[in-house]
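Okay, so subunit A shows up in both of these, paired with subunit B first and subunit C after.
Then we have the complex of A and B:
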């Protein structure tokens, strides 16, 4: 058996790049939530993957409740909101009490949230595999067969930049966003100016949970919705955040793209070792630039 | 003084009792044990107790409850007739897919419940852990779902039995079947754990011998629980094989089959999916399963269309309002194998039972089946067919089924001897 695959056709490479990009978008949604909570709250939110899982479960329930193709679209609207509100409750009820404690305590708390929600999920939804139907099926072709990918992945591909653009607008063109940026840069100064950093923290945490929930709702139709699905993506998201530069949204975006495309191109180059590619890329990038590819806020 | 005498007499009485007990034990070790030369006339003094250790939480339950239900169904038949004047009963324990849990349940069942046989085992890791334990305790165990080839291969011994085609057998079966087709360009894909690698390796080892002209154009493995199979599908497409042989682990089976269907991969190449045509997977997928996909299963409730098989399927349906999958069927034959082995042994002794079961042949819904004497691995036919719609069913079924002869797909005894270092 050969180590390297035969040279693929050009159209395969193009399609594979786009498929990789579409996968990056889900990773980006989880990673960006993680990175803003690191950047602004200075909390490494271990539970972000769990909120992603909850997004998928909630989407499944909503889609089942509404039924039909419309079910998915309604779920896409509702599930992230539910998860966002849940995040708000966690922030206000638990996390807020630990901001002045050592970081290890915060980490432990978010880990406790992981265990808690995993068990609650088992209680509510059981432990069976859940699977839901995608609103779009089949493949679509562009540019005379040059690009060939599932229509659902095309939807993912569009959703990522939309989320990134929304975030960019929020952070650069709204007052709250500007305060968020300021808090990330110099928290004491923001407090000194008399701005309510509690409120900002709550908004940021809710937003990060909302995005994780959105990622979960978007991935739900392609996968087995199962307790523990959040852990796999969390590990990759942490890597993306570190490689991208702690707290840097654009760093997370760029690193997600590198990860997704690296992984899918790796599949074409050395298929037997495709799993290793994202980690190899992360290692190389971290050796070259230990602080991450973009400026870290820490 | 009086107190002292009392103590001495108490001590003497105790000693006397102890001696009586020891002597009694020596004189008559197991009074109810029948002489082994006339097993047919034996009368058991108590019921036979079977301990079932299996996964009763989580996704594997689609298989394990089928097995349990079919096992109970078989018990009804068995107990009507009885085994040497007694009945067969069972207790279950949920090991939650954890080998350490399986091992502690096995210990509990053997020491406290005093079961005569252990069976079940969805998880190969659990089966292997318990197998080590029963070898020392000399309690027989039978696995009806764990597919690791190690169980009756390198880790095999005279107390462990398997009724499920293991990775060695399934890989060989796929190779025997596909070697008859004209194709030579193969893509080999699977889940990245022991099971996926074992199926692919066994398949290719055998296939290469049968078809030296064939080549591998792609070999890749995805992490277990992969969320999106699209890049793997594109990578398969890019390699342009004539046949894809896929060995997804339990969790990956449904999403992979969906992805194959969504990509309409079966229009461009032949796809062979290990356990792809089993009733559990196809009924779960509904109309989302791809048509024209090759797949295997060691049991179909609708094939072979013999009276015995259809009768078993209907009996199961009448009781539970669903049809059995391959593990369900395995639960049924396991109960009958246990009953028949006890009848033959004429004794409740574990060693006598294991000796009787090894090499035993019984009639099953799909015909006579034999427990191979050397490695205690069941010789059973294997079915490979192509998915197609059925006018009366909301899910796809396997059609154009080839029934592979059990003898032919068993790994030669020499191969097992070699891995056992004998």
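Then we have the complex of A and C:
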């Protein structure tokens, strides 16, 4: 009975699922920005992972500068804003000129932004990885030890639904959100009503960068902050967006959960193959439902 | 006053409009008649600057609006109702009206609100929560006009508003359009359906292959059989 002896304990499995869930919230924040800019701007923003990375580096610097436990909280507030504004500059300065061009041009531009910001990051922060301390330390335990995980992951776990709920409210119940939905289907008619769809594009792009930056700031205390982290998450986020249905916020949420949990269970069962899991999950889901698990806007 | 002066418009390399000149004076209903493919929609797209003319000018109340951004032209008080309606399909009927009202707040002299719209188009009241994409053709046409009105425009551009509607709906819409003129709106309509349009129009332009072939009053057009035979389906 060797085989069973190797199986992890039940409580380990439960805890691993929750850690996976908490990490999937971060994936969601990057993926949702990607999916929203696909849905509204029809631009595949390769730089979204880079904005996530910049969120982490900026958070690191702000936390260091402010110092103490308060440092992290201030960083959590400021870093996403900085990244959002940087996104706005990229949209207004570069991307805006290419909306009427072939998609390949936009893709190449966002890829150029990736290369540019990666080098700028190396110039500013150097090539060594950075790490910062979580504002919450220790573990929390639920149900007589059946579920235990780092306290900080609890914060991550809460942040995802909060962001999703905030987005839901914005999209469905604010005037700007309604205009965003209208712009997603018919930009020309939005202009014909006398609304400047350029502004809506800028807001949406800025929002998607803000969310990526927020994800980066939130993940910063749990990981080595390196330049490569942007591409790693971007690949997973692209898979999430495709599997979730292009442009569908709830699809991105659901797919993020599936990826997060799937990956952490995979780590538990076959750590050597962990890197394959996202692709395996995406392949299976796409075979089952080639158009994505929820309605795609394209 | 809306003045189109000698405009030439292209889609890419294809030359569509060849020196079109027309005007809509305040309080008028002007009808542009022409067969399918004559260039009616292109005239509207040129005015709204969706497809700006590469030669010639468009003036609105004396101001040159040629090649201004679309949203600025709309803000000045020109509303466009496209032939395929282009209701926002994912927004409810009410939301379609809401964003138009938001866009038109503080604009123009007329003061359209939802109550006034429902009075003009009673069926819309019942549809409030329905998604635009699930409305029937007639409902979408009403909603498209209603959405344009919510922006409080002074001028309305209606591209084939009666096309594809049941005869009963056509009759109703003609009455409503007539009412809008009485409220002080100036209206440019394109049509292939000559008879319904002539009931409404003060003046008529007939276009064919991107050129104006006739202009005059409804009575003058009715007396000119040659024009009708050559350029219109009657």
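The rule is short, and it goes like this: the second predicted complex is superposed on the first by the 285 of 298 C-alpha atoms of A that agree within 3 Å, B and C clash if a C-alpha of one lies under 4 Å from a C-alpha of the other, contacts with A are read in each partner's own complex, and residues count from 1 in each chain.
To be clear about the criterion, a contact is a pair of C-beta atoms (placed from the backbone, for glycine too) under 8 Å apart; a residue touches a chain by one contact, two chains touch by 3 or more.
What you see is a predicted model; the values in this text were computed from it and never measured.
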{"item": "Touching partner for A:138 - first (subunit B), second (subunit C), both, neither", "value": "first"}
{"item": "Partner chain(s) touched by A:188 [first = subunit B, second = subunit C, both, neither]", "value": "second"}
{"item": "Touched partner set for A:178, first subunit B, second subunit C, both or neither", "value": "second"}
{"item": "Touching partner for A:197 - first (subunit B), second (subunit C), both, neither", "value": "second"}
{"item": "Contacts of A:129 with subunit B and subunit C, given as first, second, both or neither", "value": "first"}
{"item": "Of subunit C and subunit B, partner touching more subunit A residues", "value": "B"}
{"item": "Which of subunit B and subunit C A:219 touches, first, second, both or neither", "value": "first"}
{"item": "Residue ranges of subunit C touching subunit A (in the complex, touch as defined)", "value": "48, 50, 69-71, 74-75, 79-80, 82, 86, 88-91, 95-96, 98-100, 102-104, 107, 147, 151"}
{"item": "Interfacial residue positions of subunit A with respect to subunit B in the complex", "value": "1-2, 5-6, 8-9, 12-13, 15-16, 19-20, 22-23, 26, 127-129, 131, 133-134, 137-139, 148-150, 152-153, 219, 222-224, 226, 229, 232-233, 263-264, 267-268, 271-272, 274-275"}
{"item": "Residues of subunit B defined as touching subunit A within the complex", "value": "57-59, 61-62, 188, 192, 204, 216-223, 225-232, 234-235, 237-239, 251, 254-255, 258-259, 262-264, 288"}
{"item": "Complex interface listing, subunit A residues touching subunit C", "value": "175, 178-179, 181-182, 184-186, 188-197"}
